[in-house]
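Shared chain: chain A. Partners: chain B in the first complex, chain C in the second.
Coming up: the complex of A and B.
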């Protein structure tokens, strides 16, 4: 048998530690509540509502990212311009800013003392303590994940395919919808998953902008604060399960399509 | 017909400078140059795929300089084929028809003719990932010609192919050109492809056209040191000219006629240099006595270097002739160069 070098065993050991680090707490949390407790939690309307609200708001954030982020990702993937690095850095800013700071930043422009807040108020749009506010926060934190993923997807499509399409008579928009989109949609779905996953886990910024209506992470926090670990665990398990089912379904869908092409 | 006047293109790391080029209607033109010379950028500028700084591009009687790529009537075929990976061969070929008003009967006739000519009827339902290099290139050609462009731009269409497919596709290109009313402009760095396919050619280097003319003339009569070396001249010597005589180092070489105008170099293609064991003069050549310095086996032929009075001539010899005579054993060799094959620039 081939003798392995110590470096090989080092990589294996680190891999095992990382896997254990991620899986152990999750496994422990998922197996902690009994089945009857999980069933009981599902009968709690507040829990179901908070999980649904989490899905709805993070889904909306992903959809907004799709609408506004896709053209920007395409622009960044296909063009070179002065200040492109700056634009890319600005897009990455929400990733590095501490979460409560995001909440405070959004509130400071959406408040009554800011002209944007006043304008929104005149239009009847309320950010503080509203679903709109939650979606705003989640879009802010999820957008970079969508744009970066889709940009990488566009970069993976040879520009020559688009050039040939143009030479064959297709306009820029026809080329996008007939060539680029069918080849990039998988990266868009992955981008949506990444964006939604990031958004659904947001807590710090949301509690500042909209403690109520309660999304699932805020509900879990409240249950933990008020009743302790035992009562927050079932809600957390349901949130994890719903998320896993959704993301698995999307991944299977994209992988199946990938094999077909 | 393609006419390019004073074309300048500036990219972040490259510049095309003052390009003037004319390709006659239905002609086959080869644009040659080393890697990074600007060949592909020039093609993409003609197709409207890179922004130009100044200049005019005309296709037939139309000026297309400001038109978007889809309005120019120009097809492009890349070295890597650029087939749409999510579409079958059939869908790839018919892609351009979505954007051109072609009568159904005409479209069917055109596709049948191209499919027949390029012998791709058996692969129509396949996805590009399941095609060989030669098949991909033929599909790319069919796709480009399906919309009957006025001009077809070919970006090194043969360089990525195996030798077996290469000849097939080269023949297909010749047949396609003969049977279509399309002007072909092909980029290549292989001069055997240019000689086989193109009537006229240009050599481009560092974003400038070095020479432009009939293909054979570019090969036989280069006008610059770069072109001479690029087209495989091999024997290029700095020379002084005195009437009908060239002086290369200590060697005096008779020319067929007195030299007109200022010239700095004397050149002769290696295939025009004959070496022999005997000093007998042939075809009016004055043999130059020398010794064999180097023999290189190129597989089908040998390259032999002979040094005569400090000047080294390179000659090519077919393998069969080399094995018959085996110049490696010669103590001395004679170089024969016909005055009519000598070129001055």
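Coming up: the complex of A and C.
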């Protein structure tokens, strides 16, 4: 048998530490509620509604990021312009701003004291305490994860391929849709997963903009405060399980297709 | 030989002295002091923290504001280390902390419920203590309160609305008002409503007087009969009953109205009992913490109160002189 270098064992032991660090607290939480308790929680309409709302709003945030983020990510991957660093830093801002500040910032733009808020009010669009508000917040926090992932994906595609297409007479848009998009779609799916995952976990900003209707993290908080740990844990377990299944399925799908390519 | 004797005597002597006076020179409090308190106490406690740390620099006061129920649950369920817990409703301490996590409960201040707003709120020029319930029903006016299930200020706001029905002789007022308040206008804590007022997302919010004063909000002060601020009206307040969620989902319990009375307690397994007692001694002094509270719109009890002689007997020696027994 080949002798392993000490470095190999270092990587293995670090890996074990990281796994334990993530799994130990989660295992503890997942195994705390009894099965009957989990069943009972699932019968609670409010819980199911909040988990569904979480999925729906974070999914919407991911789709909005897909629509608006993809062209921007492409631009950033393919062109160099003055102030590009600034644009990239601005895109990263939502990652570093404390969550409650995000909520307050969005509310202050949406309030009657601001012209945007007045305009939205005239159009009958409400941000505070509405699903629209939740999606706005989740898009705000999720967008950087989508753009950064997809930008890296575009950068991995040789520009040569696009140039060949262009030189053969294809327009910029048809080159994008027929050459770049099919090659980059996997990074887009990963971007969607990253964005949605980030959005699902958001609590601090959402609770400021919308307490009702309740997304799952807000409900976990409310349950904890009103009833204690015993009744907030099962909701958390269901949220974790649903997310785990969803993301695992997406990853398996994308990986399988990648092998075929 | 004589010298050695002297040193021995000195050592023994100083030992006796320091044992007899635990808070004297030898045992100056130090280290971290963890304080869980109601959101509405944030500003006075910040001021007290500064004054206390200036007097005893070796102590670092770490404050964690939250809803009072949550503060209690952090101790009772999460077993988070905590020295002192101050609640916006002294009954929270009685309900959730005594006897397992605390021995006593000192009532130290009062507050009252007001209707707060800004000069940009709709109809802010028309509203008075006589027509507020009519303004709140006008079209396009958005108002809210904190969550009655999580925050004493929330169920107290609802109690004010119930009491107003009788006081202003407006049958059905409570239900009419609640019908005008969408669920979306409820927030976890009363301080969460302030940013909604200030950003123009909400016109009126039910707040504690202290919170309105500290944040420079305009407010309508209500008559004593309905503002839950005067404990002499406790019998009247008890007519208001709000149903909140019980110990588990699907169960409910009724809470009867009583005056807004703040309670403070020392947690039994306090990691820094010495510093906690030093802080409480400062806090409950008329020219110490109680003065800070008074300046910030939170009328203190001078002296502070415990309900029974028996509870007074359980207080740390240092605090006994600062409280009286009063129902």
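Here, the second predicted complex is superposed on the first by the 246 of 261 C-alpha atoms of A that agree within 3 Å, B and C clash if a C-alpha of one lies under 4 Å from a C-alpha of the other, contacts with A are read in each partner's own complex, and residues count from 1 in each chain.
Definition applied: a residue touches a chain if its C-beta (ideal position, glycine included) is under 8 Å from a C-beta of that chain, and two chains touch if they have at least 3 such contacts.
Keep in mind that this is a model prediction, so the values were computed, not measured.
Bringing the complexes onto one copy of chain A puts chain B beside chain C with no clash. Looking at the shared chain after the overlay, A:227 reaches chain C, while chain B stays out of its contact range.
Within the superposed three-chain model, A:174 lies in touch with chain B and out of touch with chain C [touch as defined at top].
Of the two partner chains placed around the shared chain by superposition, neither chain B nor chain C is touched by A:67. Annotation for chain A, partner touching more residues between chain B and chain C: C. By the touch criterion defined above, A:164 lies against chain B but remains apart from chain C after alignment on the C-alpha atoms of chain A. After superposing the two complexes on their shared chain, the closest approach between C-alpha atoms of chain B and chain C is 47 Å.
In the superposition on chain A, no chain A position is in contact with chain B in one complex as well as with chain C in the other. By the touch criterion given at the top, residues 80, 158, 160-161, 163-172, 174, 178-179, 182-183, 261 of chain A touch chain B in their complex. Per the touch definition, chain C reaches chain A in the complex via residues 67, 69-70, 73, 77-78, 120, 147, 149-150, 182-188, 192, 195-196, 199-202, 245, 247-249.
Put simply, chain A touches chain C in their complex at residues 44, 104, 107-108, 110-114, 117, 127-130, 207-208, 210-213, 221-231. Remark: chain B residues 12, 44, 47-49, 68-70, 72, 74-76, 78, 80, 82, 84-86, 95-96, 98-100, 127, 143-144, 147, 149 touch chain A in the complex.
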